[in-house]
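Structure, as structure tokens:
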Amino acid sequence: MSEKLIDSGNNAAAMAVQLAAAEVIAAYPITPQTPLTEKLSELIAAGKMDAEYVAVESEHSALGVCIGAASAGVRAFTATSSNGLLYMSEQLHWAAGSRLPLVMCVVNRGIGAPWSVWNDHQDAMSQRDAGWIQIFAKDHQEIVDMTLKAFRLAELVHIPVMVNYDGYYLSHTYMPFELPDAQTVREFLPTYDYAHTLDPEKPESLNTVTLPDARNDINGVKQPGYMDIRHNLHQEMRLALQVWEEIDADFQQRFGRGGTPILDPYRCDDADFVVVAMGTLANQFHDVVDRLRDEGLKVGVLALQIYRPFPTAIIAEALQSVKAVLVYEKGLSYGNQGALYADLKSALYPYPNRPQLHNFIVGLGGRDIGTEDLYQTLKTACLQEALGTPEQNDTPQWIGLQL
Amino acid sequence: MQDDPQQMIQIRWHGRGGQGAITAAKVVAEATFKSGYGGVVMAPTFGTERRGAPVSTSLKISREKIYDLSPIRFPDIVVVLDYLILNEVDVTVGLKPGGLLIINSPRPLRDHQFPDYRVAVANVTKLGIEAGLRKGIVNSGIIGALGKAGGLVDIEMLSRCIAAEFVGRKPEENVRAAQLVYAATQISEPSRGAANA
Amino acid sequence: MTTAAKTNVLNLSTEEFVHPGNRACSGCGLSILYRIGLKALGRDCIFVVPPSCLTVMQGLFPIAASQMPILNGTFASTAAIATGVRAAMKRRGKQTQVVAWAGDGGTADIGIQALSGALERNEDIIYICYDNEAYMNTGVQRSGTTPQGGLTTTTPYGKKEQGKNLPEIVAAHNPAYVATCSASYPLDFHDKLLKAKQISGLKYIHIQTPCPPGWGCEERMTVKIGKAAIDCGLFDLYEIEDGKKQLSEPSRKLLKKAKLPSVQEYLSMQTRFKALSDEQIAVMQERIDQKWADYRQEFCAE
Amino acid sequence: MPDSRFKVLTSASTSGPGDAGRTGSWRVERPIIDYSRCTPAKTGKASCHLCWLYCPDNVVSKTLEPKIDLEYCKGCGICAEECPVKAIEMVSEEQFVKGGEDE
């Protein structure tokens, strides 16, 4: 039986991992992720979850343990935040390159220096090119559902998946959600399978040094070079979008929730102005949109649910004919612009009637994102008839600066 | 206020690190959720919590799903787990006129003059000891004051949720503390006659 | 103390697990170890290997020079990855031996954090460090175990600091088993592996591994030089079980000798030590003499 | 189960000889065994076999007349150095070059 309960986002994630029957958990404490792995260690110690908990000495080792376990044929899980994610960066690339179907929760937090324990998206954005699928949850229900779907996606396409959710806004916040029934989850999520499981009876040497060029194997069959392997990762990561939609459809049939695996629009149908954001920030815009709609402005908000692979065509189709797209994000590529903004701009470039684009940087290192500020900046952007120079239009606006 | 589905009730809790303000807010969140509120969001102070330092926690309650998780700026109710915090923190910041201020204090109600607000006072610390708790355990007791003055959830539901939260940690004594406080809480109406929040 | 059957060259298995025509250098000490070590470990093993000469020796995609299942991993995480493989074996109910096999850089330097963690948790793995006393795979840079005075490409006038005593660092974690070996005594290594397989918990084996290009010697001298290091008492073969240290035969027999050959003989066999001054060599000799004086006290009093 | 639409290319190598090609070509000196001195060959009894034990490249056989696989022998000379009866001589490969400048 599914169960309705109220709990923290970290506990929601832990319960999803328990339902997914991950068998090896390795993690290193870091705020605000810590309670998630505390919960898993507690579930395992209490015998409520049948798994190995490995208390490792670093995040680098945490993902190392998962790489070992997953390569040896067992479903593994880890979680981290911020500098912990950066510390395991090398392992992220490694897991993707060896096509390990891992799932990791990243409880998003700003990166030091200076130290900040508060939320933004810079940690995840810094790893966008690692070859991991990156999805962003907006509430506890999505944490649970996305985590379960992430395991299935990872294991179908053999690409690791990072489930992102906002530190504190979700991790430490209590809100209601529904926990699916264990038996139905078992039916939804088949048993773990890795294409190259380490096995003394079928020995293979995994992740061997690979030459720039294709090379014949001992049977004279041509095998890929490094670039071919990486091209395949890219191609299949693009193809994973489709699989993600299929998984969502199946999930919806079984659990009654879903339908917005890639884009989650709110009042976007006839909108002239569309806000694009990820995570809780997108939800925070609901009230703002309602208010501006009441004032007669045709505004909507589009939550981007999956950031890598970037749903280039899907989002461009959705936005190509609106007047303006306003990208609000909690991170940026320093010295340039918001990473999401730049991605969106490039996705829309081939379309002749592409909309105006504006970029807003908010909430870095946990800076309060006032709903009133969102309302004011959005309203101003919508009413702004006289446009500035291309460079001015393209320059990100920082909201909430205090100096 | 419960009849309007759009209405959100926002409660801000002030305590000290280690006093259990988060646990108290969690219990109330659970109780309101179980009483049929579909939107309940309890967000603790974000960041580095340290024992003894003032902390605050926010609880938003609504019939509908809550999308805005930003911190509470204009609370309807403020709960203070230790009256000494009144000297350190302006707990009434943003509190709507006519809003409710609940204080754990050994002093009588008349010593806590807030003309714009309804004020509820109980000696939660003392009643907790009477209920059989260790000195300084106030988080279960203060829920009784909120139950009495807030009118959101009945004391039976609150008691059930307290018992569930404190499993293995003197659940009966904690429930008794809440019930003693419920009975002892004294309430004064705003003297400046502001509208009810 | 656990004992294992004494293997000799005649009863040593002729089953081979490493193919000829691999990429190891001519006269490679590691190759001797790997070849003989696999005979002891047998087929029911999974290897975890960080970047090292072994990575290259084991073959370039799509050809593997070894017949074992191998997981090549990142440099710093050998012991962590091995932990994960072991956890998976436990979940799958398999007794498969998990063997981490790394160089001195991967063990003493970049990999020491993960090793220390695995030691503290007493993971049920065999961790083998083949110590050729510098980063040989990348062209002979100093490592934490490069001996004082040793020439490398990053210590062009000789290393100033003393090398880390890694087996002692490991032993301070109190793991199930610690042993030192030499590539020049492959049968001693073979039998220590047989013993390690019988012990649960973390088994650590540290092997001094001569490397002709790195040490500056003729390829044919690999075995001779390794033996010289032991004969002069510089490097000793021992086992530590239940916290008790015991010298292995090639070193134990030195206890009976009144005087050991001078370290100079060993040093002069290799160009890497040509920058050492007479004073430095004298200090080195003093340290060795003191160590053996202590050993005689420790082991001959029993 | 992986989705059949996905090829999942990785670097997973399978076992076989000669990853580095015919490493016999690395040799500058060739080991030549004098069976009249070699202990097992001379006595006809399994004995010694140190050339087999120490060979890093698995190219010496553990037979009464030890054989060296010259296809892969890298010519390190450890066998010659360790042979207790000096039965193995390292001979310059130049001597085995067929023909001469005319060819």
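In order of appearance the chains are A, B, C and D, and numbering begins at 1 in each one.
Throughout what follows, a contact is a pair of C-beta atoms (placed from the backbone, for glycine too) under 8 Å apart; a residue touches a chain by one contact, two chains touch by 3 or more.
Since we're looking at a predicted model, the values are computed, not measured.
Comparing the chain pairs A-D and C-D, the larger number of C-beta pairs in contact belongs to C-D.
Between chain A and chain D the centroid-to-centroid distance comes to 54 Å (mean Cα coordinates, whole Å). Computed from the mean C-alpha positions, the centre of chain C lies at a distance of 24 Å from the centre of chain D. Distance between chain centres (mean CA atoms), chain B to chain D: 82 Å. Distance between chain A and chain C, defined via averaged C-alpha coordinates, is recorded as 43 Å. Looking at chain B, no residue sits in touch with two or more other chains.
Annotation for chain A: residues 203-210, 217-218 touch two or more other chains. Among all residues of chain D, those that touch two or more other chains are 11-16.
Contact topology of the protein chains: irregular, matching none of line, ring, star or complete. Applying the touch definition to all chain combinations yields A-B, A-C, A-D, C-D. Of all residues in chain A, only 97-99, 155-158, 190, 193, 195-196, 203-210, 217-218, 224, 226, 228-229, 232-233, 236, 239, 243 touch chain D in the complex they form. Across the complex, chain A is touched by residues 43-46, 48, 55-56, 58-64, 66-74, 76-77, 79-92, 96, 113-114, 116-117, 120-121 of chain C.
Residues 25-26, 29-30, 33, 38-44, 46-48, 66-71 of chain B are the ones that touch chain A when the two sit in their complex. Listing the residues of chain A that touch chain C in their complex gives 23-24, 26, 51-52, 54-58, 60-74, 76, 90-91, 94, 198-200, 202-211, 215-218, 223. Contact residues on chain D toward chain A in their complex (touch as defined above): 1-3, 5-16.
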